[in-house]
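Right after this note come the structures.
The following pair of complexes shares a single chain, chain A, combined with chain B in the former and chain C in the latter.
This part shows the complex of A and B:
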């Protein structure tokens, strides 16, 4: 009976485990095997060629740099703006629910659609941004937003900041609401200013939530595809290309499956390193 | 109790046998799927569905399920499905990815079916060039459907208004005319009409840019497709001309780096540019985008310009659409019937009437009245016959092309001087081909 009880839990998690293995585990395993040229090729043989090629590939190194900058900046902006909006929405204001819905709206837009919307907004000739700037005589000639490498990358970060900040905001808002009010009341009695309350009560209480938002958002942004694909396609040149896009290109456009597998493995390792603090933290708490 | 049990058994038996009887009646019909990116387009989609309905009428035992696919997602969808043992029974491809499909075994060898139809005799009606993309080691993997060659499409009204009587014959004239057509037409002090737009975005870049290169007497690769040909003076001249037209002459609209083929057509439809590179479908598409343009009246075609006294015969690029059979199909006979039907003479004539598309069958282009009377077809068929060639038909081609496109974009964006951008593309393509 005891043995039966012991294994009942396993029985319950088995369907979910099976689903995870088939949906996530198998493709991940297949990508690793493909990167070593071991499956789905005419003559399978263990090879490190794809990994060697990565080291000397200028496009891969440039794309890796783009990915680090893109993820670093978007996640930072998400956390900063998310925290700011969460603090505002945590205040006792009228129509609080309405503002919460408005603040969450960008998150409901699928990333491909978001990319297309911003692409049309930033379009050089019929785009809304140039139309407004020209109307108010802020610029004389239309700006080629997505044709200039630096501007295109900036526009992409701007658009993804808009679309992704509600995720961080929701996590931080939940964290803010869990802070006991008595802590603020005690600080007020002790004569603490609002800034002191923020730095000594709010931030320490939000520490775990910030780490969770940071890790999950970093993973999400590292594998972002739709927004970049539909907005700039990685261009001009490969100035706004990230690793997920390069993987797609090599797998589906150039049919370099082994090389695409190697890029995907590097991306997975990158994400695993980022997610380690989250995993350690979750395990410790349990 | 016995009555209840008996009723239950009756219901159970009925439940077991009625659906079985129904499905065995349905099993007499074979359902095959047909996937084509043009099914998702308005005019082409209607035309293809009409043909499919006709096919179903002629073959009562076969049902065809049309499966539209976005062009950008086509290879992702097909290759993933075929690798997984599924996918459409019959599908359409342009010439670019075909060799890779053949190499990977993603298309069925049609030689046995063709042999039954008469083998070489059956194939003899197709242009020999159109069989090149679908043939490998003497085996035929697809049936050619439509073929066109790229030419210069220009708005004769814009030309007349600017006092330009004829289309450019040389690149020098092309550049001068482009400058002349770039102007402010509404008098607000801002340029609102440009001479020409090229396609620098990914979609359709290959066909449009290749004619600039070939028109200059150059090409992406050497004739044996083993080396890059971008270090030749002709390639440098073509590359520099495009960069200069964008950055110095400003005779292409701002934002040209993001212009894809639809964007180019839209600019022409709304009289924003005087010239684009296109072909038969350009007229249908542009005229459809803006009826006020009166496209069929004002749009004209001319061969791709060439340098004065050029000795190069090839100046244009062939585009071909062919039909293929999935190696996973469970109904190869029905699939072959559909494939044969969609490429027979009658349907080829329909594709011209409905979509202004020329046929891969020489007999159709040489004898069908409406084709013979078309001013556009006269120019394009001559290019197909005399002056056009396919882009390299090899697995590494998509990667070579994308490398070149990225370098051109880098030069246009000012990231690199044109000479360095072209040399970088040359060296990278050499690396790709040397692997």
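This part shows the complex of A and C:
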């Protein structure tokens, strides 16, 4: 009975396992092999050429820097704004449902579409951002937001901050609602200030939710493709380009398949390093 | 303290109103622009509200461009992906939730961490694989590829829901002689129905918003999805913003409605899978 049970469990998991190995495991393995020049070439031989090329490629280095900045800033903004809005929505406010629904809306927009909307918002002449700024006399002449290499990347981060923060907000709000009210009452009796309650009760209770939101968001922002493709296309030049877009360009536009593989491997390693603490934590908890 | 209160609430509501404006302005601009004429939409300075509301952009998009076809393609791909990954996912979630075999945790972690593999790493080899089995440029190939994004999420969310069903129910059914498969389908499934629906819809939305896979695996215009069709429209020489905004309104309405209806279940699914055992 016990032995049979053991295999039954795996039988339930087997279809998913098989599917993931063939549609995820194999292509991932193939991409790594390809980056070392081991498959899909005339004469397969182990070579580090692609990786050597990475070190001297100014565009790659710039793009890597952009990716780190992009992920770092968007995730920080998402968590900060998300926590702020979650704290507001956790108060005894009127029309709570209304505010909650509005707060979620940006996250429901597919990233490609968000990119298009903001591209039009930032458009030089018919765009709304310039119109508002001119109306309030904050600027004198319309600004070419997405055509200026110094500004385009910032606009992209701004747009992704708009689209992504509601997810962090939702997770953190769920966390806030789970904190037992008794803890706050006890702290109040002991004479704790609002700030002390926040730092010694709210934040420690939110720890796991913050980590979940942080890791999921980091993964999503690192893989983000559609919004950047549709909003700036990585330009002007490569001023707003990130690794996912560079990989796509090398594979499907320049046909440097091996090199594209190497770039994607760098991106995967970057993501792994950031989320490793979470994986270790999950393993420990089990 | 008492004197501070009104000021505090004034600050709270001011912040909330700022949040509402920040969140809604792009939606407002998208909708307003989609209702303008071709000429008004590129006017400088731009008009905030259309001078004359017209649905011209909507009708042109559905009739002149192939958007109806794109819409059907998106619907087919996303719903098949969603049902397929949830179907496979239910069994895996049951297996992970109820059986304590060796290497279970490791396997579960591997499943979850597959999300760490960026799509752009897979899409190149995928293109080669699909060409080899002659699934390149087919909706089936696209469905299979999007399952890579949705399946790990589906398993994760579903396991969270299965965990909420007490194991004593399983044991009682087993005493009555029910097989594990029957328990999974006739006892667990009805008990997690809201969660299952949320999972299906979440998978649907992940697939609905995808651009990367469609861009790399579809070359035929008649097989494009909504997101791909719209981005191609921007690439053309003259950017028709009113039409593009009309299309974005339609692509956004579907997920926005679904999310708002199911937000409670989605959040439960996200957090329970991760927090509970």
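Methods note: the second predicted complex is superposed on the first by the 286 of 286 C-alpha atoms of A that agree within 3 Å, B and C clash if a C-alpha of one lies under 4 Å from a C-alpha of the other, contacts with A are read in each partner's own complex, and residues count from 1 in each chain.
The criterion applied here is as follows: contacts are C-beta pairs under 8 Å (C-beta built on N, C-alpha and C of every residue); 3 or more make two chains touch, one makes a residue touch a chain.
Keep in mind that this is a model prediction, so the values were computed, not measured.
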{"item": "Partners on chain A (chain B, chain C) - clash or fit", "value": "clash"}
{"item": "Contacts of A:79 with chain B and chain C, given as first, second, both or neither", "value": "neither"}
{"item": "Touching partner for A:156 - first (chain B), second (chain C), both, neither", "value": "neither"}
{"item": "Touched partner set for A:24, first chain B, second chain C, both or neither", "value": "second"}
{"item": "Which of chain B and chain C A:235 touches, first, second, both or neither", "value": "first"}
{"item": "Touched partner set for A:148, first chain B, second chain C, both or neither", "value": "first"}
{"item": "Per-residue touch tally on chain A - higher for chain B or for chain C", "value": "C"}
{"item": "Touched partner set for A:225, first chain B, second chain C, both or neither", "value": "second"}
{"item": "Contacts of A:125 with chain B and chain C, given as first, second, both or neither", "value": "both"}
{"item": "Touched partner set for A:40, first chain B, second chain C, both or neither", "value": "both"}
{"item": "Segment of chain B intruding into chain C (one of 5-13, 23-31, 77-85 or 167-175)", "value": "77-85"}
{"item": "Chain C-contacting residues of chain A that also contact chain B", "value": "40, 119, 123, 125, 252"}
{"item": "Chain B - residues contacting chain A, complex", "value": "75-76, 79, 83, 100, 104, 201-202, 253-258, 272, 395-396, 398-399, 402, 406-407, 409-410, 412-415"}
{"item": "Chain A - residues contacting chain B, complex", "value": "40, 59, 119, 123-125, 141-142, 144, 146-149, 233, 235-239, 249, 252-256"}
{"item": "Sites on chain A touched by chain C in the complex", "value": "5-6, 8-13, 15-17, 19-20, 23-28, 30-31, 34, 40, 84-85, 88, 91, 93, 99, 101-114, 116-121, 123, 125-128, 131, 134, 162, 170-171, 174-175, 208-209, 212, 216, 219, 222-223, 225-226, 229-230, 243-244, 247-248, 251-252, 257, 260-261, 264-265, 267-268, 271-272, 275, 279, 282-283, 285-286"}
{"item": "Contact set on chain C toward chain A in their complex", "value": "12-13, 15-16, 19-20, 22-27, 29-30, 33, 41-46, 48, 88-89, 91-92, 94-96, 98-101, 104-105, 107-109, 111-129, 144-145, 147-148, 151-152, 155, 180, 184, 205, 208-212, 215-216, 227, 230-231, 234, 241, 244-245, 248, 251-252, 255-256, 258-260, 263, 267-268, 270-271, 274-275, 277"}
